[in-house]
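Several structures are given next for inspection.
What follows is subunit A paired twice: with subunit B in the first complex and subunit C in the second.
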Partner chain A sequence: MAIGVKVMQRPGREASYMRATLKGMALTFRHLFRRKVTMQYPEERSTETWTLSPRWRGTHRMLTDEQGRSKCVACGLCPQICPANCIKLVPGEDEEGNRYPLIYEIDEFRCVFCGYCQEVCPEEAIHVGVHYENAEYERGRFVYDLERLSAQTHPVSSLWDPTDPRGE
Partner chain B sequence: MTTRTVEFELSTPGVDAAGRDIRVPLGVPGREVEDFPSEHVLINIGPQHPATHGVLRLVIELDGETVVRCIPHIGYLHSGFEKLAEYRHYNQIIPLTDRTDYLAPMSNNVCLALAVEKLMDIEITERCQVLRVIACEMSRIISHIVWLGTTGIDLGAFTPFLWLFHQRELIYDLQESWTGARLTTSLTRVGGMMADVPDGWEDGLRTFCQGFPKVLQEVDTMFTNNAIWCGRNQGVGVISQADAINGSLSGPLLRSTGVDYDVRKDRPYLGYETYDFDVPVGEHGDNYDRYLVRLEEMFQSTRILEQALDRLAGLRDAPMNVADARVILPPKSRAMSDMESMIHHFKQVMEGIHPPAGEAYLGIENPKGELGYYFVSDGTAKPVRWRIRPPSFVNLSALPQMCEGALLSDVIATNASVDIVMGEIDR
Partner chain C sequence: MTPELKGFVLVAVVKTAAVFTFLMLLVAYSTLLERWIASWMQDRIGPNRAGPKGLFQPIADGLKNLLKEEVIPDGANKVFFVIAPAISLMAALIIPLTIPWAAPIPLEFDMTLPVLGRFVHHGATPATVTVLPIGFLWVLAISSVGVYGIALGGWASNNKYSLLGGLRATAQMVSYEVAMGLSVIPVLLLVGNVSFVEIVSVQQQGPFSWLALPLALSAFIFLVSGFAETNRVPFDMPEAESELVAGYHTEYSAMKFSAFMIGEFTGMVTISMMFVTLFLGGWDIPFTHWDEAGGMLQVVATAGVFFVKMLFFLFLFMWIRWTLPRFRYDQLMALGWKIFIPMGLAYILYIAVALWLVDGPLGAASTALRFGLLFLFNIPVLVLVFRVLDRGRLIRGVSVHLPASASRPARAV
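Our next item is the complex of A and B:
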C-alpha cells in the first residue's frame, strides 16, 4: 500500500482535427442507440431505476396519537436545535398536567431540511417526510401550523427511525 | 476615456481607519496603476455571465484583444457563514458547510467533523473513517465532473457534459439514499456520522465504480487528442512552479505545475496513507495539464472507492460512532425508553458539546485544493471564531497572473480551468 506520484505525460501523437472529429462523431453516434436516461419529470415521478429514497428529508409532518392529538409534548428540543430558527413553539399544560403545544409552527421557507428536529425529538412527533412538491400561491401559506403539519399524509423519513436500523 | 472614469471603475468603496468613506483602488498591490491609454477598453464579464461559473465579475482591460489587466470582483454571494457559526453549536454548523463548496458538500461535512474532533482530541472508529473516505472520494468525483462538463461547454463541447452529468446523477442518487438529500447532505456529526449506509448500498457504489471509468475513457477519446481542445488549452493560462507556491495555491492547480503536494499524501488524515493510489502531477502548469491531472484524479478516486468498499465489507458489524457520551447522542430507542439516556439526550441537545478552550486547524484535500477549517474555542458550546480556508479563494487570486498578456478568449478557458465555486469564495 503506497501513495505514488504519477507524472502525466502529454499524448505523444500529433493532435488531429479530422481523425479526432471523426472518432468523436462515431462515438456520439453510438450513443444514440443507448437506452435513454432522461426522466420526463412531471409525467413520470419514478422510474425502475430511481424512486425517491425512503430517507428523504422533505416537508414536515407531525405524527398524532390514536385520539388525533399531536404526539408533541412541547419539550422544546426541536426549537433549540433548529439551525435555521424556524420552529415556533408555545407550550401549554392541560388540567391533568400534560404538556402540549399551544402554538407549533414551522416556517418551511426558512427551513433548511437538515432533519435535526426529527433527530432530537424524544417523542417521535415531528418528522421530515418523503415529499418535495410544496409550491403555494402565497408566502404566508409556507408557515405550517400544527393542524397543517398533522394533516400531512406522506410517509415520514426513515432516518433516525427504528425501521431503518442503519440510520441510527 | 478620461482618467477619472478609470479610477471610478477600478476602485471599490471602503472606509479608512477613521471611519471616513474612501475608494480603495483595485488591482495587483504594489504595482503602479499606469495611465489608462485611450485605445484600451474596459469590459465587464459577469456577475451574470454563464462562463464565470457563479457570480464572479471580471473587469478586464483590453488592448485590442489582448488582456492587459484582469481584476476579479467577488462578494456577490456573501452569506456570512463564519459569523453565523459563532451563534451555533458545533453540530449545528454542519448544515452551513453543505453550502460553502456546494459542489462537494460531503467532504466539507467531513472536514468540519475532523476539525472539531481534533479540537476535542477524539479518535474516531475505523468504520467511520472508511465511510468518510468514501464520502470524500464521491465528492471529488462529482466536483471534477462538474468542472470537466462545464469547461467542455465553455470551449464548445456539449456532448461530454451530458454523459458526465448522467454519472453525476448516479452519485447523487447514492448520496440521496444514504443521507436523505441530494445536495444539502449534512452527513457527519462530531464523533461519527448522521447515518450509516443503508443495506445493499455498497452494491450501487460498486456498480458505479465499474461503469464510471468507461465513461471517462469516452471523454478521454473526445478530448485528449482533439486538436481544438489541445489548441485552446496547451500553453494557455501558464503559471510557474515558483509563482504557484508563492501564491499558496493548492489542489490540481498546484499539482499541474509539477509540485506533488497533496494533503492526503503529505499530512494524511482518515488513514489515507494505507490506501493505494497515485497523485497525478503535471509538468507545464497550463490548462491542459490541469485537465490531465483532474481526469486522472477521477480514475484514482474510483480506485480508492473500490478499496474502501472492500474494507467496509470487513467492518460490517463494527461500531460507527465513538462511544463517547460527551459528543454522541444515545440511540433513539434507548433515549425513548430509559430515563438516564433520556436525561443525557436532553442535556446533550440543550447544551451542545463543549470542546476544551483552545484552537485547532485541520486541512483536508478537497476537490479544489486544501480546505482548512480553523476553530477557536473558549470552552463553551459555540466557537468564538470559525475561519474557513477556501481553496477556490486562494486559487482565484492567481487568475490575473494567468490571464494577463493572453487573449480575451483564453480568459474563459483559464477561468474555467481554475475551477472555482463562489459559495466558498464569498462564504
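Our next item is the complex of A and C:
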C-alpha cells in the first residue's frame, strides 16, 4: 500500500471500469474489419507500403564485362578498406600485363555489409546487392568465390548518395 | 430388455454421441476462431496455411499434439500428474449433456434390427441427453470438480510456477463459484424450478420474458463469474503467462496439455450454453410461438437459434480476452468477495421482496406484466451498480485514499 500517494479525484466517466471496458471493446471490434498489415512473405515480397530500399546492402555481386570476365583488376583496395577483413584477394597477371584476381573470396559470415568495397572499387566491379535470402545448409557455403559472385543476378545497391541524401 | 427400453437406450446413445461429436468439433474450431479473432483484432491475418483458409488448422494441431512426446517430470507425482487433465476434461465435458439445445424432437419408430431385435420409441424426446430434475445444481456441483483437475495438475507437477497457478486457480474458482451460485438463486425464485427444461419453458411465455431483463444483475454477475470460472482473461491468473510461465500446465506437454486446453474451451462453451439457457431463453425463438408447435423443422430452427446465441457468447469470451488486461490478484479477490458475494446476497433479498410485491400487492396477472414490473424494479439496481458503484469502487486502482493526517511529505529517496 503506497504511502502518501496523491489520488486523483476523477469524474465518473473516467473512473468507470465498465465504460472503459465498453470503449476498449468498441476499439477492438473496429479493428476486426481493418485492413490487415500482414505481408504473406514467401508469396508476397513487397507491397505498396513496403519494398526493399534500392540502397539495401546485401549479398555481394561481382560485375563482368562483355566477354564474361570479371571487371576486377585486383588492385587490392577492397581487402584494404574492408573493416571486417572478409575479402581474400590473390592477384595475378597475364602475358599482356593485365592484372586479374586469381582468387577472390568473400566470407559472407564475417562481412558487416558496410558497402565500403563497392564505394572504393575503381572499376565498379564488386557491389553489394539488393538481396537478402542467403540461407545455406553448410557453413562452408558462405564463402563466396569469384565464380559464384559473378553468377549472381540480383540488382546491385545504389548506396547512399551524399548529393541526394533523401534519395529523391 | 423390452423393446421400449431398447428404444430408449438407442435414443440416449445416439443423442450422447451427437452431442459429444458436436462439442468436440465446436471446441476444435473455437481454438481456430480464437486465433483468428486474436489476429484480426491485431490487424493480422491469422492461421491461413493448413487447408483452404486455414480450416484444417485444428486437425493439424490435434495430430501434432497426439504425436508429440509426453514428458512426465522426474519429481512429479506420476499418478496425480496423469489423472489431473483427465479430471479437468471430464468435468468440463459432462456438463453440456444436461442443457436442452432445441425443441423436443418428435420421434416415433418401431423397427426390428437383424441381431439386436425390436426397438420402439413413442412421443417427443427432449433435445438434451438427460433431463436432470436438479438442473443447474448439478452443473454447479460438477464445475467445482473441475477445480480438482487444475489444483492437482499444479501440485503434482512439482514446479513452483505450476503450484502457484494451481493455488490461484483453487482460490479463484472457489470464490467465484459462490458468486455464481448466488447469482442463479433469483432464477430459482422466479421460475420455482432448477431444471433447465422448466427454465426454458418459462422463458417462452411471450415476448420479453427472457430472464436477462427481469434479473439483469443476476445475468451480469453470472457472466462475470463465468469468465472467472473458466479462467479466461481478465481472470486468467492461473495461467498468467507473464508471471507464471504457463501456470498450472507449465509441465504438461502433448495430449495432456491438449486435454487441459479442451477442458478450458469446453468450459467456455458450457458457460455460454448456461447463460443462454438461464437468461436468454435457451432455444426459444423470440416473438413467435411457432417454435413450440413440435416437428422436425422446429427442431432444426431452434437448434440453429440456440447455436447462434451460444456462438455470440463464445465470441464475447474471445472479444474480451483480446481487449482487457489481466486483473491484479487482489483486485480479483476483492471483486469476488467484497463486491459480487454481498451484491448477490442483496439482490436475492431485493428480488424476493420485489416478487412478493409484484405477486401480492401489485397483483400482476400475466407473465408479461410480472416480468415487466420486475424489470422496472431492476432499473434502480442497475443505476446503483453501473453509475454509483462503478466509480473506482468495483475495480480499485493501485492506491488507496488516506486521511490528510496520514499522508506525509515525500522524502528524498
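Definition applied: the second predicted complex is superposed on the first by the 143 of 168 C-alpha atoms of A that agree within 3 Å, B and C clash if a C-alpha of one lies under 4 Å from a C-alpha of the other, contacts with A are read in each partner's own complex, and residues count from 1 in each chain.
The criterion applied here is as follows: a residue touches a chain if its C-beta (ideal position, glycine included) is under 8 Å from a C-beta of that chain, and two chains touch if they have at least 3 such contacts.
Bear in mind the structure is a predicted one, so any value in this text is a computation, not a measurement.
Contact with subunit B, but none with subunit C, is seen for A:164 once the two complexes are overlaid on the shared chain.
After overlaying the two complexes on the shared chain, residue contacts for A:114 are found with subunit B alone; subunit C is out of touch.
Residue contacts after overlaying the shared chain place A:40 against subunit C, while subunit B stays out of touching range.
Comparing subunit C and subunit B on the residues of subunit A they touch gives the larger count to B.
Applying the stated contact rule after C-alpha superposition, one finds that A:29 touches subunit C and leaves subunit B untouched.
Judged by the touch definition given at the top, the superposed model places A:16 against both subunit B and subunit C.
Once both structures are placed on chain A, subunit A residues 1-5, 7, 10, 15-17, 19, 21, 24, 27-28, 31, 37 are touched by subunit B and, in the other complex, by subunit C.
The residues of subunit A lying in touch with subunit C in their complex are 1-5, 7, 10, 12, 15-19, 21, 24-25, 27-29, 31-32, 34-38, 40.
Those residues of subunit B that touch subunit A in the shared complex are 88-89, 91-96, 159, 163, 166, 169, 173, 176-181, 184, 186, 194-199, 218, 221-222, 224-231, 234, 258, 260, 262, 264-265, 272-283, 288-289, 292-293, 296, 329, 331-333, 335-336, 342, 345-346, 349-350.
The touching residues of subunit A, counted against subunit B in their complex, run 1-8, 10-11, 13, 15-17, 19-21, 23-24, 27-28, 31, 37, 50, 52-53, 55-57, 75, 77, 80-81, 83-84, 112-116, 119-120, 122-124, 128, 157, 159-162, 164, 166-168. Taken in their complex, subunit C has these residues touching subunit A: 37, 40-45, 319-320, 322-324, 386-387, 390-392, 394-395, 397-402, 406-410.
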